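Lettered A, B, C and D in written order, each chain numbered from 1.
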Amino acid sequence: MSNTLGSKFRVTVFGQSHSPMIGAVIEGVPAGIAPDMEAISAFMARRAPGKDDLSTPRRETDAPKIIAGLNERGETCGAPLTAIIENADARSKDYDALRDVPRPGHADYAAAVKFGGHNDIRGGGQFSGRLTAPLCFAGALAMQLLKARGVRVQARIKSIAGIEDAPCDLAHPPLDAIAGEGLPCLDADAARHMADAIRAARDAGDSVGGVVECFATGLPAGLGDGMFDGVENRMARALFGIPAVKGVEFGAGFAAASLRGSANNDAFRVENGRVVTETNHCGGALGGITTGMPLVVRAAFKPTPSIALMQRSVSLGRMENAELTVQGRHDPCVVPRAVPVVEAVVACVALDMMLEGELSWN
Amino acid sequence: MSNTLGSKFRVTVFGQSHSPMIGAVIEGVPAGIAPDMEAISAFMARRAPGKDDLSTPRRETDAPKIIAGLNERGETCGAPLTAIIENADARSKDYDALRDVPRPGHADYAAAVKFGGHNDIRGGGQFSGRLTAPLCFAGALAMQLLKARGVRVQARIKSIAGIEDAPCDLAHPPLDAIAGEGLPCLDADAARHMADAIRAARDAGDSVGGVVECFATGLPAGLGDGMFDGVENRMARALFGIPAVKGVEFGAGFAAASLRGSANNDAFRVENGRVVTETNHCGGALGGITTGMPLVVRAAFKPTPSIALMQRSVSLGRMENAELTVQGRHDPCVVPRAVPVVEAVVACVALDMMLEGELSWN
Amino acid sequence: MSNTLGSKFRVTVFGQSHSPMIGAVIEGVPAGIAPDMEAISAFMARRAPGKDDLSTPRRETDAPKIIAGLNERGETCGAPLTAIIENADARSKDYDALRDVPRPGHADYAAAVKFGGHNDIRGGGQFSGRLTAPLCFAGALAMQLLKARGVRVQARIKSIAGIEDAPCDLAHPPLDAIAGEGLPCLDADAARHMADAIRAARDAGDSVGGVVECFATGLPAGLGDGMFDGVENRMARALFGIPAVKGVEFGAGFAAASLRGSANNDAFRVENGRVVTETNHCGGALGGITTGMPLVVRAAFKPTPSIALMQRSVSLGRMENAELTVQGRHDPCVVPRAVPVVEAVVACVALDMMLEGELSWN
Amino acid sequence: MSNTLGSKFRVTVFGQSHSPMIGAVIEGVPAGIAPDMEAISAFMARRAPGKDDLSTPRRETDAPKIIAGLNERGETCGAPLTAIIENADARSKDYDALRDVPRPGHADYAAAVKFGGHNDIRGGGQFSGRLTAPLCFAGALAMQLLKARGVRVQARIKSIAGIEDAPCDLAHPPLDAIAGEGLPCLDADAARHMADAIRAARDAGDSVGGVVECFATGLPAGLGDGMFDGVENRMARALFGIPAVKGVEFGAGFAAASLRGSANNDAFRVENGRVVTETNHCGGALGGITTGMPLVVRAAFKPTPSIALMQRSVSLGRMENAELTVQGRHDPCVVPRAVPVVEAVVACVALDMMLEGELSWN
């Protein structure tokens, strides 16, 4: 089910960068919910391109239109909720030459092999970051439902181009201290240096990557399912669906591999009649099941593969080496716009697990 | 489908650390294959406990018995291949006290919440690393099939306790240079230091973690499916099914987040009439689709949570803080035994993708 | 996955009778196919309402618009093919009173319980036969692909109101003898009597049901998968997705229950170097696997539940008995328009099985 | 997922007629349930062969052994519940000649094509009715859980060889009047005639089929999911997994196709503060969702294909016509032993739907 995420809250994304429309079909939305279109639009605006000098000049209003799934009162009715977004500012002429010479770091070549050369080359086709817009629609809806259950999902930029934001206590992430303006970091100085690094890369015709760290607080203990459907399995499967993600880790993550057990284990404590852990190196999940502590997950984004510099590639038609200079409008760093996308994906998975719910058989 | 991995080659794992048996049901095995039980046993022996002073003294022969799925000639017949392994050396008495006081770093508490206190506490129940034995059975079978297609899956220890093995060219991983004896590293000195670190942790009543790096060579370009079923999505979902994995990355992985696009992009070249990339920072997949270069994936293992040192926990019955000293037989580092497990999981996913195959409609 | 059909050729249907749009997302379409929009439109016209005096006067052009999934040359590109159809002639005012008094034979009451009263009551919401329009889009596309493989899917009306069409040889169904004009039967007299029965029911403010028999010829032997994913399992699951279907049978079907084994078994013969069966009581599948003979499946449609006669129901608000006269525009018999829908569903499932294909491992 | 049934209560069946063992892995069993092995054995005994002169003389004790999924107290623990049954009385020599000459009415030929001649021919391999033993294990467990929720699942023989049991009120099925001894019918005379018909067929070296009618009472309204996962879709998919089933219908079923809407619609009434229907032609489901009335489903079983009479077949090796006389021990009619199997399958699906439960989001 390649374009479908989730089991109870099932999001099927469709579209390509330059197809007439993109969108999502969402099955399993509880009935009786009136989507908060204002909140959804505000959330999607965080991802939309063309906001500042750090992102692509492509301008899309990204206004989702719900075409099915609501009753006459504007509430979800049990039918799949379906939303479409028009692709307005698509300039296909930029991409005409790319079918023969695949862009390094892009899916062009792999997709040409897989689809016998029929893949949609315009703007990266179905591999485009543009497909994260419907994901954000689904995520914003998921957040509306999660919020009503006391669950909050929020991400920050952990690093860009090797510049690190301040560390924080994973057991008590300071969500309100994440900047609401500019780059969403804890440390304003770090944010400034990151922005400078993006501009420097852009001016050099190059690009940079980074790491997004996402927190979900308020999740009850006991969510997730064994072995291959635990919290990490699902979150990882979902997050690798975001273009450019090359690594996913939870809690202490790769750093845990260098710790001793006595340092990495999170001691349990009783606090206000509730079991908590003193630290949160596990990132809120043990054995694939939530512990009730904040979920902490990080996704590593590679630098944007589209760069203005000349690159070495091949001509697939002539089967010989070739040079390539990528035209078009690109983000010198996808990380700032990826922050809400990571939140959206984490929210979709979190809601899915909550809807599966605990089995209250006895 | 919590205990099931794969779509065409579907592995369903069952059992607990101390259940009478553990095993796997494998649907979708091509018919007409005679399982090479010698090769399967040799592979499973790499995971089996009790081999040397670096692992748990629990001894299990781990001899899989195929109870269904073969015809009268001993070939797969299209029916689900089913294998069982007896749990011989289970000492349940070690674990009797644990139901009240959950072990830090283990699933005990989360599972108690999820399953209303009915989870199997003996030896970690279904969360035990013992469940990786049937995974290795499935993986060994997958490797037999992959080998017939020219695909080779092999892993090494990339680091233990922060001690790094030598770096290598991800575009041409030196699989034959990985040590067959002792810890499977490229650099014998590093391997020795890692072993020392494990022993030091053990002697201190503590434990260490590490990183396993796995390569799959010979995979054709064009495998994997879009968005949520690409190579990385599937591999990550599967690898997080191995107990103690807290991070998964591909190619340059998290390090890619610090690179510029011009450094991270893998230039295409024509080599012997084939399209290759000069480097392999992407780890063999772009847009979720294999490029035909080696697949490179790393899994970070946390230090074994079971340590002999006293730890802080809680009494769930009395809802008050408590202290805990874990009894039982444990690996001071799971990484050496995890190497074949990672190979097994990567092989299962790789075979699954190959069996889905390319659509030769036209 | 309630609104999704298929595994390799996956059709997700969305919409309600009176939502702005209805449509389908189709994953797994082989790349490089240019949808034959003329053939698709012609097929969908067979299902469209308002053609003659036997169907509802609601008029819909049912013109599907492909909004995603094609490359710049109009070929499928590996991305999900997505089509929308506008709901033009929806008269919601007809249905305002129905939320309190559920219509007998409709989903109103069951859906109100399931969705807490938030179900879309307008025109039957997601339970409307209107949702079969996107199914027909998917089916027409499937037929285009099947035709290129020599597979033909065609249905006839087997009976309406107890009036039976002529029997035929299930091993050699005379597809070309099915009438292309009027009711698709073999026997013109029977067709005339059926039409009369429909008109008589309509004039009495009542409705009638019937049975559709569908054939798929040209399917290779060996399709289908064991136990729960055999030919019959999949076809039945799919066909019960068509509103008003209350029974599904294959080959001799229920009549086989009265036969002796010696009469019901289909003898094998070699014919032109091919294994065939002399009869086809099994309907083209044994053990859930195609035999290479025509697939024969029948679906029983209940009489349209919407009738003009007064009916006994309840007021859910007052929890007391109530009377109901259904307003609106309804088919006195859904069977004629259901014929292409059954074909569409059978085609989708047949294509799905063909795309899964045979495992050519050795 | 060919051998897997269900979504929340997921049953994966494995084994062949003559494999060392057969069994089932059941995921999703609520934790804390102590399987009632006595009730399970009693239920399975109803299916076991060799009880009387109407069934095959093959004798199997069919004693299931639970090898995983229980905690130390014998309760389900959240891990997949796994049971095995040994194949004791397998006489493989009976089947040696069948690989070349496929048995009419059996899967032999279709399976040989699908699996390249590697299918297990012994006793029908994975297509054998023997595989219904693990289904009955799962069904008996499901019934234990359903019973605790007030749901009762019971079937009767509706007809054998065209001999019909007495009709009954589908809105109030007289479950207690179904005979507990001999053939489970309402009418003792009909039962006697059926038994005579079975013996007559047996004595003629032939076989007969029949129809099983199953009721599930006590199901709440609101179960089932839209379009392709409604009650009928799931039940039908599951029931066609029982060997020899060729038709499935609900409520009035195929007979509804001959009724007028005014006769077929079930009028709603308020009865004891509850909404009920006066009749139950719909069989307990409208729009794929339970109405709260008894679920009524019928499955048509073809006559046993294994008959002692000479039959026409082919030699696959020589590709020429051949004659065949089937050796071995066979039921002259599978219907009596199929009654508990139908109950088991209906129970598994009913429990699955109940575990998915209603979404109590608001």
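Throughout what follows, a residue touches a chain if its C-beta (ideal position, glycine included) is under 8 Å from a C-beta of that chain, and two chains touch if they have at least 3 such contacts.
Nothing here was measured: the structure is a model prediction, and the numbers come from that model.
Common neighbours of subunit B and subunit C under the contact rule above are A, D. Each chain's centre was taken as the mean of its CA atoms, and the one lying most distant from subunit A is D.
Per-chain Cα centroids separate subunit A from subunit D by 45 Å. Averaging Cα coordinates per chain places subunit A and subunit B 26 Å apart. Between subunit A and subunit C the centroid-to-centroid distance comes to 39 Å (mean Cα coordinates, whole Å). Residue positions 1-4, 13, 31-32, 78-79, 111, 114, 116, 126, 226, 362 of subunit B are each in touch with at least two other chains. On the side of subunit A, the complex with subunit C involves touching residues 1-4, 10, 12-16, 18-23, 25, 27, 31-32, 66-72, 75-80, 82, 84, 92, 111, 114-122, 125-126. Touching subunit D in their complex are the following residues of subunit A: 30-33, 78-79, 145, 226, 355, 357, 359, 361-362. Every residue of subunit C that touches subunit D in the complex is listed here, in rising order: 1-5, 13, 102, 104-111, 113-114, 116, 126-127, 131, 159-162, 201, 204, 206-211, 221-230, 232-234, 236-238, 240-241, 243, 245-254, 256-270, 273, 275, 277-278, 281-283, 285-292, 300-307, 309, 311-314, 316, 319-321, 358, 362.
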